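You will see chain A twice below: alongside chain B first, and alongside chain C after that.
Moving on to the complex of A and B:
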């Protein structure tokens, strides 16, 4: 192409400048503030690690552990539930494929607030789920532990982020070279063996991207645990929000947010490593 | 297909149907309750009514929020689509090294929890003693939306024949002319599609808005505040209306993006 470097710079400038000013700079400011202290509702510039040592307190430690545990469970469930769907859409379904894909993507277009709220209606003591269970006679008293528990948070997060797992896995399986499976079958492998030794290993890039797209928002979720978890299922997102809302502890809140981001980054790098298919091409 | 495979396919089909139901049913519950003639959303449902929708249309607070949401979403759409489209074209024209470095960098906001995007901005605006308003909300929403625009427009750029641009340049068109007369018309489906994505993204966003807004509320932050006081039937009506609006826009975006297949190589 004849376009040189000079024509690229102005095209990339607006987006890069916007991200620099309103994304990179705020994150950097948060890093700085995380070493400051708050006195009389004012941020005081200094250099201290107290905000970070505070994280080691059992209360915060348990919240951090719970957050990453819930995000991990949500990711694993999304993978187990979503993989067969992606496989069916990519490898078996022909005629209705676009239609079913649209149905799966459709919920993504409704706000995650509305989708979290929907589960309040479904899981409440007078909700759809309890009504159904009582109707078929499984229980005569409404089940109380559906809402305001880890169960509610996990089921809602799987619901909200499941399409993010299905789509990348579908994309990979859709492009899978049929000849590889033919070769495998010609060499005597059963369909089951072919799946475990050819299809599944080759879908690794899609699985890792999908896990990433579920894990990140799940670990950083705030709306769903607030609405569905109740006070006993505190996740790190709610604690961060509290520091920036009610209690004006911006310094500690910044340290919490950076801890969350570091944790997410470590998991993300791990997943990206797993996603690389070796020895191919 | 062997008999075993047939059973396998059937099992997969049943599973897929169940998952689609799982994804859609909770949304139907909201729609159903929005017509339920009862102050408290509980099963079994009572008679049908439209009064919750009337209640919405009579509420100045909700209508003001709707106006704010529309305003913010429109501004976000214009900014994000412009920045994102230009960046996508710039990326497509730059070398492999620049792309390998810049693409992940420009997608980081997508990989950051919305909560962190919101509070990081709040923290900075606070340090700079800046007044929070709908303008600061637009700033935050644009950060969130730009990576999606880049993603969609880049996907379309991959399918374009670079020789079209070369031909135009050989015939004497300047770079600006190539951009305006050749590239943008070819990219139109993707650009319009991503504009709708940016609009809905902003229209639905609650966390970033919550932390970057001053005294004004958007529709999602109003719903959020209402939910703090318990579930009222108006929330179902408002949620249903926003769902219908965003899904209609989404289907529009789908059609736009898909209709771009004509010029593919």
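Moving on to the complex of A and C:
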């Protein structure tokens, strides 16, 4: 059966319209606005690059670098913690796997706002960490650097986005054909060698998807750095919110948002490339 | 009355002196399911041995135990005289070819074939030369840089063979390697496998549920049933001299005459059946034994003239099915005895095969084979 090209067009129309209205149009608007200026809280159409040159100022540059550095660290930590969990779940656990999977997904049912607040309670000077450390006598003064530091932001973001790494890796490892590992062992590979030569390369698509799903929201995160990082750990999401909501610098805000998007896009394309395994259909 | 089962000696016992693989009282169960029930078996060096049976008979489990992918619950497996249960696969002289090939999808053909050599700390240059030579043997030199997903089923099969053979195993274990191929390709690969086995002079242990494959490829066939060995022997022995009804029916069509042994003569046993007296050959039987006399369709002689010679019966044509090269004809004889024959579709007798006609059939004494009547029908009489 051959489907004519013309018959597909009406079927695609709703999707195209949706995409155009809620995605392409706003971005195009932001792109245009990012070259305008704001005077007296009013957008003034013009064409200037000042919004972009402003980004090169040390203040904003350091925020951009910090944002991508934190997102990268969060992604790497999520991968290091998440991969073994996904592996154990997919390759070792048999009867309890649905139960454990549910436990992993369960936190997603609560708001990430709540989860961020929870970390404040855990990391604060009178929080669980300090209570424990003082209890066993490691310190007698509460540790102050737990909260309102990069450490707090990173640990919370890893916790919040970890399920997004575990699930795609689990899906890939669950589908991995046992016979490939048997063949590897039959040909003389130790379990460790089999892991490095067969399991890990074949889980690359899942790892790449997982990294993508962690990196993107981590780079754009706003609530967690606001609550746990405080004013010293400013990330780009907070700055964008300030520009739109506090100082009404829509033009500069648009430039910031587009810069964040472009940065994420470059990382995403890189990750997708890494996730492509030659020979896999 | 005596117990019938167990009296019949296994045919074609393999000689133990030259056996490469010795399986001794091996048991294996998965939970409550017994996959292998006390199997002892000796497989000869350089033979093409087939483990034949329906799915669930334990043939694959037995193969995997030889290859070290499963561990027996009890019993021992020796290869070339050495017990191998505790050996990891790299120390075993066996290599496995998996049912769906299990090629590494992210590696090129070349890398797949090199995989086993790389695990053996062989210099790169030597690996390269060996891989190239092995790919040449299976005729895939131009595909060295291709990925498995770019190959046809037959080519993937050859890569799987090359990957195993390049490590120079003494025993190649093949788990239904042709099951995924279509008929034409399967037949071609059968011929290739056979010639590969001859030229490489290694022992093949081949698992299949396809009796044609088993009979056509093997030097020895081991027929398995519910985790036990039902019979082992050459393909001809298995086919013409089956030990029991299960084996007889698994490897081909049979017609059965139920009877009782009356006298033992030089030419065979004289048996009394509802369709008359017949002389049949068979293993040790005693007069009075209840037996099945079985015959393969192609062994039945169709004589148009009404003879009244020995081992003949008059039978009516029930149905005839044209199958191209031959015709499958169902006859009904005296006392509702059913006889199936196949005759060449070009034979002169073929013209006489008209449903409803009565014809004389001869069941030659050499082709009429005795097997014990099913045990359950004699169970009540078998008490000491």
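Points to keep in mind about this one:
In this section, the second predicted complex is superposed on the first by the 261 of 281 C-alpha atoms of A that agree within 3 Å, B and C clash if a C-alpha of one lies under 4 Å from a C-alpha of the other, contacts with A are read in each partner's own complex, and residues count from 1 in each chain.
Note that in this section a residue touches a chain if its C-beta (ideal position, glycine included) is under 8 Å from a C-beta of that chain, and two chains touch if they have at least 3 such contacts.
Fair warning: this is a prediction, and the values are worked out from it, not measured in the lab.
Taken together through their common chain A, the two structures put chain B and chain C side by side without a clash. By the touch criterion defined above, A:198 reaches chain C but does not reach chain B.
Taking chain A as the reference, the larger set of touched residues comes from B, when chain B and chain C are compared.
When the two complexes are overlaid on their common chain A, residue A:46 makes contact with neither chain B nor chain C. Using CA centres, the angle subtended at chain A by chain B and chain C is 80 degrees, rounded to a multiple of 10.
In the superposition on chain A, A:139 contacts neither chain B nor chain C. Minimum Cα-Cα distance between chain B and chain C in the superposed model: 10 Å.
Interface of chain A with chain C (complex): residues 177, 179-180, 182-189, 193, 197-198, 201-202, 277-281. Taken in their complex, chain A has these residues touching chain B: 1-3, 5, 7-12, 14-16, 18-19, 22-23, 25-27, 29-30, 33, 43, 81-82, 84-85, 87-89, 92-93, 100, 102-115, 117-122, 124, 126-128, 130-131, 159, 162-163, 191, 212, 216-217, 219-223, 227, 237, 240-241, 244, 250, 253-254, 257, 260-261, 264, 268. Across the complex, chain B meets chain A through its residues 2, 4-5, 8-9, 12-13, 15-16, 19-20, 22-27, 29-30, 33, 40-44, 79, 82-84, 86-87, 89-91, 93-94, 98, 102, 105-106, 108-109, 111-117, 119-124, 126-127, 139-140, 142-143, 146, 150, 162, 165-166, 169, 175, 200, 203-207, 211, 220, 223-224, 227, 231, 235-236, 239, 242-243, 246-247, 249-251, 254. Residues of chain C that touch chain A in their complex: 67-69, 88-90, 95-96, 98-100, 102-108, 115-116, 119-120, 147-150, 163-164, 167.
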